[in-house]
């Protein structure tokens, strides 16, 4: 069952590459939150009840509800154009995302991940690099946050696959930090929206030598 | 003890945030500085004592806690001057100082954290708190810089986290892993080499956002440009120390494994490229604060080279970080006065600072000795040790290139500083504001430390540094 | 009994498009025409004579027939449950893909032969879309071959079974990919709108502007057959060998009708993409089939 959820997650990553509306991207992120909920539920149900409740709360409340709603609010408030406006054609994006998937598969085989965790590992590494790719290939500041969230989802999967080795306290700190970073980034997006006409990274090139 | 420190500091921070009265603010800041001093000396007296399994007052942390303690006095003092000259309203000042307190607390916690996950949490906390400070001037430029800084640092720290998880993958699935540095060092001995290499790369890339090393140096430079000068002083010194501490601890857990030659190579080239990049940008730099920021990157490159070349290089690297903190802090404090005098940071519009503000000009002159590592300053000695370590570990190519590009940076720094000090142009900006001589006393104090440490390094510090490096191969 | 599959596909083709149209009518609130009406239209066309442009050569005349023949040959390869197709040999799915490509090639060449710029444009688009859809089909069949260890349609479909839950996922994804490939190959909605009246936005329709009468009827009927053929492949995913014929045939018919209804639903609710969004949409199919391939690689444990 976990594998099915992971495959769906991988497909949602591809869909992220061809989604040309910001709201579609946000919906994909919410879907990923639900998928992570399913994965963590199956993975953690036997280990630790307190930890389980915490992780489930994080995936459902933060990743699926609060952050997507917050992003939608930011987009609406700043009247951001609804297209995602990549620097490179979408066709190339899909191609590159596919290559990233292939690459992470090969990578996982080269460094010999234990077989049972391979799928987790591949999807997580792919999510990391696809998130980075989304960040560098998109023009809007909001899409940068979305790329960051994809990376974060990848990190989530990776930490799930590593088993529950970090102590509870540290886990809490990490989660809160990530959440606060997203909020802080969102606040700055709002500021950028107030200061500049359009929220493109083209506006953010004044600092140079 | 650290728990009480965190709690009290949290309360002081919250009180500062909501307080609007300037006298109460002084009292609160005074309380905080007392607390900071107390925890620093407590840490020194309880060396190598672990607390709660997450913190340990080890010698490396204590050295940098002392540096932080000293600089937090001066930074709060100069921040006060800076804010009163900007005539910011009370609310803005409260936010500024509350964020500053949070930053100092987070940095203290990073220095003494003995658990890699916890260190990660506090490093991320430094990013968030320093972002508020960078954004202090509320201009579009500061918005841009803050955005870049937060974004790059957050991505970087996330990459570090991936490195940590990959490490746990490599250690194995069945074992319960202890993520404290001490335990990791033993556990890593049995890990497959490719896992080690990959997780080391991820961790270093992430931490280098804080330290300002080559692949991720841009964010730090932009942040320097727009941050208030006292905060630039912090970013350039104690925050880079945070990155250094993180990299040093990462290095020390990997140093006992079989990939040590490989990680040395990685760090050497990363440091060398940092020096090359900073030399290239220094040749064409126009903005005084950016110039100082690139100079910091060059020093970070040197430090990492010292760390990677081993032997006396370990010692020199830590010593170099300490001295660099003092000299760069005094430069940035002086830049604040400089800016009030000229109303600009652009180097070509200024000049003749020697006649306009004699006391400040001498600070620049002495700091120039420090930054370019002229003999009486302690940085000369540390740089000499670093090159000696490079020589003894027979990295001749790196040595030659580093020396070559270092001479470029020396040329650019000297040229620009001397231009500021002595250039006599006709159409100069009028003096905006004269500054008091008393404001430079703290800078002189920091500069005096550089020269004093160069000649008579206190034996306590030597002992601390030697203890910090004694476990490295 | 090998003819059974062929017969069933041909029977399905009579009402397939009719069901699609009926579904669309119901969703748009109309009563809709008889489900055999498309067949009647084709029959009407077939009784008419053809008109040929003076500039076109013999290629234009033979192209529709070759296209139709290629579809028929492709259908002969499709197995039915445990029954083999009329032809069956190793790697016959490669033959299947390329015999369809031959038909498409002649279609395109015929369109170019008329010398009309519109038809050239349509031909170029059609060629591009089939080009992009082809790797998806091959990777999909390749992963099936890897999973089962066989390389012919009938063996693959015989030995695919729902052993583990992950094979459900693979089959579901494969069904999705096959449906979309069928839509692309038949120039239906998300990629091309058969109902459009502007030549500039047409893909398949603009290619056959010059065909008339019997030729046009052949091309239309070939479309029906292709739909039924992809439906048969889909049905094969759900037909387990060893079932009696009275179970297999209803499953086959139900799958075909479901497929037709799904096509109708897709056409009713999805707007046609902008022309420049098509290529990445089709290419994403390749990516998804690549995911299937990687999953299968992980399952069978054959690594680098």
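Of note:
The first chain written gets the first letter, and so on, giving A, B and C; residue counts start at 1 in each chain.
Methods note: a contact is a pair of C-beta atoms (placed from the backbone, for glycine too) under 8 Å apart; a residue touches a chain by one contact, two chains touch by 3 or more.
Model, not experiment: these values are computed from the prediction.
If each chain is drawn as a node and touching chains are joined, the picture is a simple open line. Looking at contacts between chains, the pair that accounts for the most C-beta pairs is A-B. The most centrally placed chain, judged by C-alpha centroids, is A. Averaging C-alpha coordinates per chain places the centre of chain A 31 Å away from that of chain B. Mean C-alpha position of chain A lies 36 Å from that of chain C. Inter-chain centre distance (chain B to chain C, centres taken as mean C-alpha positions): 64 Å.
Touching two or more other chains at once are residues 110 of chain A.
Chain A meets chain B in the complex at residues 110-114, 117, 121, 128, 132, 135, 141, 144, 148, 151-152, 154-155, 158-159, 161-163, 165-167, 169-170, 173-174, 177-178, 180-181, 184-185, 188, 191-192, 195-196, 203-204, 206-207, 209. On chain A, the positions that touch chain C within their shared complex are 1, 3-4, 7, 10-11, 14-15, 17-18, 20, 89-91, 93-95, 97-98, 101-102, 105-106, 109-110, 115, 118-119, 122.
Within the complex formed with chain A, the chain C residues making contact are 165-166, 168-169, 173, 277, 279-281, 283-284, 286-288, 290-291, 294-295, 297-298, 301, 303-304. Of all residues in chain B, those touching chain A in their complex are 54, 115, 117-118, 120-121, 124-125, 127-128, 131, 135, 140-141, 143-148, 150-151, 154-155, 158-159, 161-162, 165-166, 168-169, 173, 176-177, 179, 192, 194-195, 198, 222, 225-226, 281, 284-287, 290.
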